[in-house]
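Structures follow.
Here come two complexes built around chain A, the first alongside chain B, the second alongside chain C.
Let's look at the complex of A and B:
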């Protein structure tokens, strides 16, 4: 990459792209948004967009957490299982504590703790014990799923009224999910300026060089997994608010969509390059594709196939455009 | 196998022998069989072991393709194998619909399905230069969509009696046909990887793609070929699975994606590719199948089963190709 940059004077497009690697994702996002508006004007109303936000906020958080792991050229195939575990843990916790305001607050703290603990387990297994990230996180995901099934064997226990009323409610005429999204944006804004995230990128760019310049590579990678665990817990809060119940398998299908969102956002799976904004956009691209397939009137049995095809095409386009822009 | 010796492990020769993945797997298989026999007498009886081997051969067939893709390196991985197993089982089931006479046509249709999707994966990875993980992940989504379309249109299909007999009943010297098929695939893979130019090239592009390219290896064609192989092996597994279960239901193949990757790793092929082989993978597939079988024998909840399974996988992984410690 650097050799290419040295021999050729960087074009304007390339400079813009290097500064904003999520540009292709942003363009796809805008196009999809426009198409959604054409086929279903109501989907662009405040109500329609709020609905989209409240459904896909969880996937967005999962993708953001995955981004930090991918920065260091690792991968976390267990964050969907962590999401499920946190979902059932807080549901059972709130049910046993009576569903008061205090118990909800305590449940959120417990949930973050569980997510963090799972993330640390992943980090230790992959970075400290040096197991291969792909298979090791498959194994931990099986373990976390077992834990979730232990906490709540079958789906169904309802969330306390206070919980989902807040998530689906409004404050000063503004939906709660908008505040949640702004809060997340602020957290992420502060987070990407921390030393940990910069160092994750350094490790992903060249682990050996990072090690030789004195960075604690193992601890940094563990930190990445810990972030992914915490963001999976936040995602679990959104799922719990959205579905208002517990389900020990709710996150299983979300893991791979989260990875797809990261890739759609222009982050390189090889590590050392990418943006969190891109991953967030990637999650909404998946949401918009699913909505669009529905709005254009695809027969129900064809919807999954068309969604799968469009996501595959978007993944290819995104990767090919970003490669061309960077070269 | 010679590549495994290059790892700079300065330990006694006894330890070096113990680090052979195939040996580890065989020892672990013995230990698990003894453990299973202790838990429930009859677990390690001849009949029971045959049943285990039939189940293991289905996983082993999927893992053969996965093995080639991983060996060929550049983050090679095939997340779509589960989808191909399901789809090919449904295609085969619908084509044969319980008729022995339609078996040849069904085999053809099923293998063609697998080859097509494997080929498409390969084209995406080489021509469009999409990372294998992303390409096969996207393909998995497409395959799952196709399954929904097919399942809702036509009845899901039925295995022909001859196929069901071949898979599960004694076929030759008292062994079921699937086991013979697996042995044949094992010999084929060993021959392919050790005795053919194709095999040498798989290792070459897996250990150093650039050097292989400079030496004149048609890297792109090779990569398309390994993904096509992966699709074909998954399709054959789908065919056997159809014979094993009698009818094809929608997501039968889903259960094979993760185990096929873990079997390859337990067989001593690191995910980075370039070294390892299929013999170890076969042992890995047997090992995983015995582990799963023990867990279903033991009388515990699904939750406990999953926890023990996940934890055991992690412990077993400690025996295999751990990454190198960072050095200054």
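Let's look at the complex of A and C:
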């Protein structure tokens, strides 16, 4: 280690890391992918990878949305509940409007609207009313869950065939989820170049300095929450496509996995530093860990425990590497 | 020399392997359970594993792969996807949702995998349900209660989680039975969320509000709690109430000579489903196609019943089992075979 440090100009690793903060996550991702392939070769087949993508696309979207909030050193503990709410709203909407192409499109628009509205509520509560982000979004999550239970009290109600056949289907021999992932990649590529995202990072880096330099800090933070709400709605579309039904509690357990994915991806919860690519990788790391725990043949009574341990180890590895690199 | 030996060895191994496959049938079956909150589920998995091992005597190798963890619906969808990747021959699932698995079951079927749901029915046309009829389960104990009360008196009901599909089927079951007895009045229905403490609390409240009730229809997982309240109120001899199938409750039942009856939802359902699955994998056809139930894909198993007549015998059978052990029953391999042509 010292020999390496001596031959290289100091700070080179640091510069590489600053340019690509998701590098540790990327390495963990590749290692996990390889391990999955070793223990279950079929999991790396086209079918296996498509399955992984369609299952964890929703978590990836939640994590991406969370990243924008975390950029400004806020947190959104309600995006899982927003996911549930959008899921049941579009299911009920499509059921009442019939399963035609037009009603599906309209349902998606309504879903985005609901996600955006929830995000704005969060933003106003946290940034404008200045309530503590952790507690405030926890409270709004209970409120959104209550709304979801009001809209659809019992899990069930099938989605129109058109909806889930599209999500699980293929176009020109390529699975739809691959197009969805590419579409999301394009949106994110354009989004991270917008002024809003740069300003979110500035606020997270030093809110006081941002304010003193004339940035509308409150509006910027509300913008972060709005993005998180919209991405939760997109995640809800994926869950609806994958499960073809409504469930008012479906997203509850996903919130914290989303936060874990953000941290796994190298984004600092203290704000001002991180990447969206890392969060997306983080979501797939969690998915690969869940699959790997099973593929190595962990006895059923230990599966929860081992899964938790491995996520913890992955977090530790990532944080240790990034600390060393940034020190 | 070394090379030659290793080639010879490899050939021998390959030969042995092909001989083994030629002589023994072997199947890989994935078991998925999405909730680990009760001993009943643990017992369900253990019995299914034992049933798989029992096929060895019949010359069939059944390898089971288990995924059992507290997961949300997407998590259990991932269970199914893992099984598809692993190339299993059949998947047996205790599903967390009745409707959410339609797409992934369709994918499993496309991959040539047999899908069987147990304990909770699913809407997918690509799966078969092998288990008890939850409505019939409720009807059996409601009928016992109505007949024990000779068709007249005041009854209360304590239910599980409002909105849960199994709970709704059970409510429909007892409601339809009680409607047949015009002199039987259901004075109140409450929810105890399948929790013993809440069941006990609910029963206390009910006894305070309606001191003159004659019967209680209470779901399993809460009946022991409800009975505790009845005994604390000194009404053991005056009230007939449904019971449950755990060893610790049967101890209480026999020791206090309770006036109780319990329809059995046996943890052996997954083992029964496994035995049925193996015959399906062998390419055998059901005598009666599985077309029962609201989704038209169910094969219902018999529901045993425990009441005053056989409780002593049942209790004896469970001698030495731990308190959380549930009375069980399952289709043996021969009983399962009798369902096939």
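Observations on the structure shown:
We adopt the following convention: the second predicted complex is superposed on the first by the 317 of 327 C-alpha atoms of A that agree within 3 Å, B and C clash if a C-alpha of one lies under 4 Å from a C-alpha of the other, contacts with A are read in each partner's own complex, and residues count from 1 in each chain.
Please note the rule applied: contacts are C-beta pairs under 8 Å (C-beta built on N, C-alpha and C of every residue); 3 or more make two chains touch, one makes a residue touch a chain.
Owing to the predicted nature of the structure, the values given are computational and were not obtained by experimental measurement.
Superposition of the two complexes onto chain A shows chain B and chain C fitting side by side, with no clash. In the superposed model, A:287 lies in contact with chain C only, and not with chain B. In the superposition on chain A, contact is made by A:242 with chain C only, not with chain B.
Contacts of A:316 after superposition: chain B is touched, whereas chain C is not reached.
In the superposed model, chain B and chain C sit 70 degrees apart as seen from the Cα centre of chain A, a figure rounded to the nearest 10. Contact with neither chain B nor chain C is seen for A:20 once the two complexes are overlaid on the shared chain.
In the superposition on chain A, A:307 makes contact with both chain B and chain C.
Once the two complexes are laid over each other on the shared chain, residue contacts for A:269 go to chain B alone; chain C is not touched. Once the two complexes are overlaid on the shared chain, A:153 sits against chain B and chain C alike. Looking at the shared chain after the overlay, A:131 reaches chain B, while chain C stays out of its contact range. By the document's definition of touching, of the two partners only chain B reaches A:140; chain C does not. Taking every C-alpha atom of chain B against every C-alpha atom of chain C, the smallest gap after superposition is 5 Å.
In the superposition on chain A, the residues of chain A contacting both chain B and chain C are 153, 301, 303-304, 307.
By the touch rule above, chain C contacts chain A in their complex via residues 33, 36, 42, 45, 65-75, 77-79, 81-82, 84-87, 97-104, 106-107, 111, 123, 162-165, 168.
Within the complex, the chain A residues that touch chain C are 40, 42-43, 45, 47-48, 51-52, 55, 58-59, 153-158, 164, 167-168, 239, 241-245, 247, 249-250, 252-254, 287, 290-291, 294-295, 299-301, 303-304, 307. Chain B makes touch with chain A in their complex at residues 75, 77, 79, 124, 128-131, 133-135, 137-146, 148-149, 152-153, 258, 261-262, 265, 270-271, 301-311, 313-314, 317-318, 321-328. Per the touch definition, chain A reaches chain B in the complex via residues 125, 129-132, 134-136, 138-150, 153, 207-208, 211-212, 217-218, 256, 259-260, 263, 269-270, 301-309, 311-312, 315-316, 319-320, 323.
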